[in-house]
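Have a look at the structure below, then the notes.
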Amino acid sequence: MARVRLEHVTKRYDDQGETVTAVDDMNLDVAHGEFICFVGPSGCGKSTTMETIAGLTIPTEGEVYIGDREVTNLPPKDRGIAMVFQNIALFPHMDVYDNISFGLRLRDYPQDEIDRRVERAADIVQLEGMLDRMPDEMSGGQRQRVAIARAIVREPDVFLMDEPLANLDAKLKVHMRTELQRLHKELDTTIIYVTHDQEEAMTLSDRIAVLNSGALQQIDPPLTCYNEPANLFVAGFIGSPSMNFVSGNVTENSIETPNFTLAFDPASVEGVGVGDELTVGIRPEDIHPSAKRDEIADPSSPISATVDILEPMGDEIFTYMLLGEGETSMTQEQTTNDQLLMSIDPDADIEEDDDIEVVIDRRNVHLFDTASGEALVHKLDPVGSGGGVTGSEAESDD
Amino acid sequence: MARVRLEHVTKRYDDQGETVTAVDDMNLDVAHGEFICFVGPSGCGKSTTMETIAGLTIPTEGEVYIGDREVTNLPPKDRGIAMVFQNIALFPHMDVYDNISFGLRLRDYPQDEIDRRVERAADIVQLEGMLDRMPDEMSGGQRQRVAIARAIVREPDVFLMDEPLANLDAKLKVHMRTELQRLHKELDTTIIYVTHDQEEAMTLSDRIAVLNSGALQQIDPPLTCYNEPANLFVAGFIGSPSMNFVSGNVTENSIETPNFTLAFDPASVEGVGVGDELTVGIRPEDIHPSAKRDEIADPSSPISATVDILEPMGDEIFTYMLLGEGETSMTQEQTTNDQLLMSIDPDADIEEDDDIEVVIDRRNVHLFDTASGEALVHKLDPVGSGGGVTGSEAESDD
Amino acid sequence: MSTEAGRESRRSGALVDLMRWMENLSDTQYAYLLLTPVFLLLGMVALYPLLRTFELSLYALSVDLSTTSFVGLDNYIQLFTGEKNRYLPGGTTFLPANLEFISLLNSALVLTLIIAVVSVAFETVIGLGQALILDQDFYGRRWVRAAIIIPWAVPIVIQGMIFFLMFNNNVGFATPPLADLGLLAPTNTLNDTASATFIIIVADIWKTSAFMALLILAGLQSIDRGLYNVAKVAGATKWQQFKLITLPLILPTIGVAVLFRSVQVMRIYGIIPTVSSCTVVPSLSCMVVATFNTREGVSAAIAFVTAAIIGIVVMGLILWQGEDAI
Amino acid sequence: ADFVGGGDGGGGTGNGSTGDGSSGQATTVQWGFDPVAVQNNGPAIKQSLHDNGLPDSVEVEFVPRDQDTGKARANYNRLLSAGETDPDMFLMDNGWTNIFIQRGQIQNLTEMLPEEMLSTVDNKYFSAFTDTARNPQNGNLYGVPVFPDFPTMQYRKDLANEAGYNPESENWATEPMTWKKWSNIAADIYDNSDVDFGFTTQWDIYVGTACCTFNEVMSSWGGAYFGGRENLFGPVGERPVTVNQPEVINSLNMMRKFVHDEDFGGEFSDYGGGFTPTNILGWTEEPSRAPFAEGNSVFHRNWPYSLALCGRDPEETDAPALGEDLGAMPIPYAVPESEAAQPGTGGTTAALGGWHMTVNPNSGQKDAVQQVIRAAMTEKFQLKLLEIQGWLPPRPELFNSQQAKDVPILGRYMETLRVAGDNTMPRPVTAVWGNQTSKIAQQANRAVGQEVPSEQAMQALQTSLKNTESS
Amino acid sequence: MATQTEDSDAGPLERWTQSAIENPERVYRALFYAAMLFFLVTTMFPFYWLLVLAVTPEGNLLAGSFLPTVNLFGVSGTFPLPVPKGFNPAAFITVFEQVPFHLYMLNSFALAVTTTIIVLFIASLAGYVFGRLRFPGRAFLMLGILAISYFPPAAFVIPLFKVFAGNAPVVIPFTDIGLFTAPRLLNTPGSMVLPFSSLFMPLSVFILTTFYGQIPDGLEDAARVEGTTRLGALFRVIMPLSAPGVATAAVLTFIAVYNEYFFSSIMATSPEATKWSPILGGILSYQTQYTTQYNLMAAASIVGVLPVVILVVVAQERIVSGLTSGALKE
């Protein structure tokens, strides 16, 4: 059984005297057959963690288990894994066929079995007819597909894939995603997957592991990570465009932010008291023009804002809004407290520099402890008659 | 002035006898200061085109102009370009500082100028404090950022960037995008950019050039490409998830597709006659549950469908629906004519296997000539009282 | 205009013009331009003397050494018909007189080929082994490296002296044990063609395995270590990694090493007179030198025949290694 | 005394006055010279030249040649054929001076030197040695002998005495003995001492075997390579080849008797045998001398330098030496001259080595060169060389002079050397000699090494020598 | 006993085998050290023998065995390893007293350094062309360069000597038409460096061709876009990245020239240090017509080899720095 466990895995590099901690006391338990995505900022230790599992990097501390064996010091070949490397690393002296069949030939599979599998893999990655090309005669995306094919022909217990689709176009990505899912089901393997594409992480994974600075931040199903981020880091990292963060102070019946006030009952959340500093998180799609107020179950009171920049994305428009002394435009430095990003339908009738009013969907407001970053609550309790929200003084001046 | 022009550029590779045409009679005119994104499927010739502009590949036929000079045979160093390579191509024997400052040192910039620029570039790509690392001591994303920094310190006339952000996380991508836009404005340079990320292409570029099989399909501002794709290829390629395509036949007052009928006046579109085979294109966000019918200016009549798969993405849910003999699920082979993808709000109350009714926003229906793939019209003229749409027989059976 | 363009023009004009002119050359023109220095040098210092030497080979000296006359290709023809054997030292013949072992060894041509095949085969294997060891990371490896490379740094005369004294009949200690094994003649060892050839081959292997090792090591070091990660994950054992990654990637380097060692060993000379003598171990180069002072024409002819034979062997090697050896 | 005071042309300027030397008019004569002599005694030799009549206006600069005589020859050959003007003079091995003469590469001294100097050479020098510096066709002189080299049979006097012999009274030093007698003595002493070897000589495959050791033994049996003495220097092709003759074969069989105690059906039964190691088959001079110098051999055949080295007082040198225990005798013989099959052979025979001075025909300062030759031909200079360098004088009469006898070490053996010098056998240097030496040495080596019967070896040699002789 | 392998009383060999099967890494390690030891012994033994020769006093060299008889516990036997007969480390000083050996070393060093620089430069150009450009005539030209090395050095020496003597004009081969008279180069470094450069060139060309050809195009492209010329890319990127190959070519050329004697013994008309005679000229002057001071020759060669060893130790730092990792994503 290909359960994968990391226990207190730490990896440090010594780089000319100073120590770089690439992975920091990582504990991870991936069940057999699970599909886990690693996400996190560049340099946070995703690849290093993968290498530790693969056995290419021996952890400085901690143990690695695959199945029921401790494999910390086992060579990679005995771990039953296949890996797609971030740097692709095709064998330059072999053509595509030889690259793909490499692992099979090592295991002395019969020739027709090899042919069959290679053909099938080439089919999956849409490289039929290129089997006799050399790597240096291929485009970046084609090479990446060879690397994927090289891994999938092996049908191992555990797949490690480090940004396997980074160089592929959107359509191919979608295709590959489906194929990966199919493979996952068919082979009943465990897959650990690194991606920077949130859509990918969302659609593919059973759980997402969010890493930062070598440390695991949260590991949960995609929607949980999206809807109930464990801390400020996860909240800010998951979701694109990013969640709006506004700092606020708890008063007796509200949270006051520099530019607006949200009705709030401190008693409704454990561990929150009047006077506490909180950070309020609101996703762009949870802000709506006041006009839509009716469609929202628990809207806040309207907040007036100035449209600063409109970024039409085709299926939606990102609306960057300024709160407060809204005359200044984005070019000047402004605290994030004074900005909000709203995502609206493309058919909305809105122009840059418009003064508009927006409401926040209170059911999707997240509160975080500013000091520790820990999430406190992901949904504000409805407050009576939707009262308690007043524009800030700045706003009323406007 | 850094206008970039390609005239009839063709590049063929001889690969063991058979000829691969990587770029096929490409004509391109990029104005000074323009930001152009190349998009297209993997292997379509984007990198090759970039290399032709850079002077790394000499085209088999055609000429390249930069500014007012013909540069087809000019060496790269005299073209006033900087390039971020798809394969990153850091100099492995130099540390980050030396990698970034390489081009400046070649040109004998004064040391303090070099230091200043390198520092600034490192700042932009968030690599401060890593200047004395060697490339093999960095993560994939970090390497890519060094490659970007190496290009931007140069402040050339033309930037060529081949998927510069492929290995970066979403947040960093957003940051880098802003920085690139700032640089673009500040330096008043021409930027040619390859990306597989449509969001990137949308937000960054003045115009998007869509390539396929080495040939230019359309070059237009992002929204034009999105809203008025020149042909089936562009329509299907731009936008994620992809546009729904349904084949249809023109009747006197409608377009009949296997599973539904759209009211249509053949006379309203030039060159379309009764009996013609057309392809109908509808973007997922232009399909709505019948409940929202009122909000749509020109809805079609309702089409009944079965929800096959729901893919929640956080800010939206992709709803895969089956039309026609809707009992069969996606696992069985089915023609695209029987499927529709709809993108809906996450708060919509919908379950897999639900039978639902949807409407299409007729203002955003695209028609293509099936044979040539050319776009015919991007908006159906409103038809009187919204009549003329009847469910297909299959549907009525349902 | 951007600052970059301004920078360019600040450099001195003529040089920039030259550089620009060079950059604009086509691949072929550029290739030939860059090859000019090599061919100038080789033309002057190698080709010219060779032509002159070839010219020499067309002349023969009278018996009393006082006059030379043009004889065309006679020197070459007589070399192969055996008439020139009288100018070769001792009982040496150019081609073997018959197929007996001792006649084969007395044939300059066959003996040279025998030495070449045996030496190169052993050197390649040993050199590869040494290189693989030097490629590892272990404590004190820089000293082991130096030690393994030392033989190559020993001048041939000294190499000869080392082995001569080892087998010399005053103080040599190596003959009896090897003679007991039947590898060497127990007496007059260094004047016994088979024994002396054996010793010379051993000496040659001792010295030039380091050459192989050095080159192959360089090849090993140029392999991208990332490829081993891929192979390891794909399940390759150490042997498979070697066979499928290392070997193919260092094959070009091994090719160059084998090529040059073959060429060098077929010109083997210096060690022979120091360990034994050209009379006993008559290599082709020995014959060139032996006739050098008395019969320039013959000497030149043997030199050209030697080159031709090496050329044939090299072509064979190249064909055997495949076209992209070159 | 008649050499002192300027020669012919130079009389006006050079009279040994130092003032002239400093005027910058000095000519420098470059002389290709023995490197060891230059290194050890260069200034002394120069000084001696000046002491013996060389004006100060002529500077001598020794150019050390390569140690290896073959390399030196090749070098001089190249220099001369490239028309080099330097060096002005050479020292040339008598083994290859002839080649340079044949090729017309060196100055004809008969044309260049004044009559008195030529007649000195004609009359006062070892004529057999001088002949190697003449053109055999017309007798013209091309080189002036500097020093000859004659081998002697060296032995441990102390061991001989212990074994009951009395070299002094039996006159071993000057009275050549037969090989038969000698071999019995050698075997006897060998058996009665605990030395490892009875006789050490040189029988490697190298030029020394052809020119010297084999030549000596063969000659002492009355054999020769090419018939009699008159054929030594040609004419190539017209002279007979006589190596398959019984006397030659017998000489080899005798060597086999010494080495392997093989007695060929009793033919050598009254010879002593088995006292010579097979080592000689790989020995050249120095390896064969080493055990003798260590006291580990009874007899040893070698050149005078060996006398000089082995005769040193063991107390005064770190190297092994025998001191007064070292004795020397002429090389033994098998048949007297009168019974020799080939005319001019037989009796005790000493191979002939040695060096001549020759002149570069391209030299631009032949007058000065002549002055150097004149000084180098003085008896005093030759005695000086004997003293400091151990080089034998090229004049027989000097051997008998008191000065020669007074020279440390070598002086003790002058008598023996004189006998050797009177009985020399030059090597048959001709244009083809260079091709013949290795063939001779190889077959002689094979025969004595018992690889083939002597007859067979000599038959093979006969054929291949004939080949080299034919045009 | 073979049947009860599980037993704890298995012999040590068996236990080792058992653990070896469980842990093949150990076998590998053991094999590795065995092989290393083997190579060390075989390469160092002759060198040790040289050392033995060097410290043995000259007079003892050629007589008596180097294998001493040892008497161990009443059993006498021959010690299997040669040991010096006497001890005379002064040989290492004598070598400098007899001839100016350091001058010979300097000559060799200067010749070797100059030749190596020339060869590396010119061969780099050729290596770049052959390794990275495709053009008509490539294979032919490479074979042409290689062909130079087919000839025994003796085939070059006579005509070159005549040219460098500067006495007679250089004539067009096969005619008597004189072209020009070359300057006199005999006894100068020129007459040695020139032939060395061309004779050792082919090896370096081939080595560099191989290594330059393996550098990914992407890196050269990057350098050219950054503003180097093609040559600039060669010297700034390709050469440093081929450091193992370049260093190897340099070491091989250096050693070959440093130990060369055939040409130098001819181009220096006499083996004097002042005539640029190289290190072997010095070593061979310990040899006279009859005697050979093997101990001095041995001592001198040990002294002479030292600079090379130092060079190798330094150069191998380059040779062993595999540099291409981290460069490309492909």
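Going in written order, the chains are labelled A, B, C, D and E, and every chain counts its residues from 1.
Note that contacts are C-beta pairs under 8 Å (C-beta built on N, C-alpha and C of every residue); 3 or more make two chains touch, one makes a residue touch a chain.
Only a predicted model underlies this, so the values are computations on that prediction, with no experimental measurement involved.
Engineer: Supply the minimal count of touching-chain steps required to go from chain B to chain E.
Structural biologist: The least step count works out to 1.
Engineer: I need the common contact partners of chain A and chain E, sorted by label.
Structural biologist: Per touch definition, common to chain A and chain E: B, C.
Engineer: Looking at every pair of chains, which has the largest contact count?
Structural biologist: Top-ranked chain pair by contacting C-beta pairs: C-E.
Engineer: How many angstrom between the C-alpha centroids of chain C and chain B?
Structural biologist: Centre-to-centre distance between chain B and chain C: 59 Å.
Engineer: Need the CA-centroid distance for the pair chain C / chain D, whole Å please.
Structural biologist: Chain C and chain D have C-alpha centres separated by 40 Å.
Engineer: Could you state the distance in Å from the CA-based centre of chain A to that of chain B?
Structural biologist: 22
Engineer: How many angstrom lie between the centres of chain A and chain D, each centre taken as the mean Cα position?
Structural biologist: So the centre of chain A lies 98 Å away from the centre of chain D.
Engineer: Residues of chain C that touch two or more other chains: which are they?
Structural biologist: In chain C, the residues touching two or more other chains are 4, 23, 168, 170, 224, 226, 292.
Engineer: Give the residues of chain A that touch two or more other chains, as numbers and ranges in rising order.
Structural biologist: 86-87, 140
Engineer: Please output the residue numbers of chain E that touch at least 2 other chains, ranges allowed.
Structural biologist: Residues 61-64, 158, 216, 227, 229-230, 284, 324-325, 328-330.
Engineer: Quick one: which bits of chain E touch chain C in the complex? Just the residue numbers, please.
Structural biologist: Within the complex, chain E contacts chain C at residues 28, 32, 35-36, 39-40, 42-44, 46-47, 49-50, 53, 61-67, 82, 122-123, 125-126, 128-129, 133-136, 138-139, 141-143, 145-160, 163, 170, 173-174, 194-195, 197-199, 201-203, 205-207, 210-211, 213-214, 227, 229-231, 242, 244-245, 247-248, 251-252, 255, 258-259, 261-262, 279-280, 283-284, 294, 297-298, 301, 304-305, 308-309, 312-313, 316-317, 319-322, 324-325.
Engineer: Looking at the complex, which residues from chain B come into contact with chain A?
Structural biologist: Going through chain B, the ones touching chain A are 13, 15-16, 20, 39-43, 46-48, 86-87, 132-133, 137-142, 144-145, 162-163, 166-174, 196-199, 202-203, 222-223, 226-227, 236-242, 283-285, 311-315, 343, 346.
Engineer: Using the touch definition up top, name the residues of chain A that touch chain C in the complex.
Structural biologist: Chain A reaches chain C through residues 51, 54-56, 75-77, 81-83, 85, 87, 89, 91, 93-94, 102-103, 105-107, 150, 154, 160.
Engineer: Of all residues in chain C, which touch chain E in the complex?
Structural biologist: So the residues of chain C touching chain E come out as 4, 19, 22-23, 27-28, 30-32, 34-35, 37-38, 41-42, 44-56, 126, 129-130, 133-136, 138, 142-159, 161-163, 165-166, 168, 170-171, 173, 206, 209-211, 214-215, 217-219, 221-226, 238, 252-253, 255-256, 259-260, 263-264, 267, 269-270, 284-285, 288-289, 292, 296, 299-300, 303-304, 306-308, 310-311, 314, 326.
Engineer: Inside the complex, what are the residues of chain C that reach chain A?
Structural biologist: Per the stated touch rule, the residues are 224, 226-227, 229-237, 240, 244-245, 248-249.
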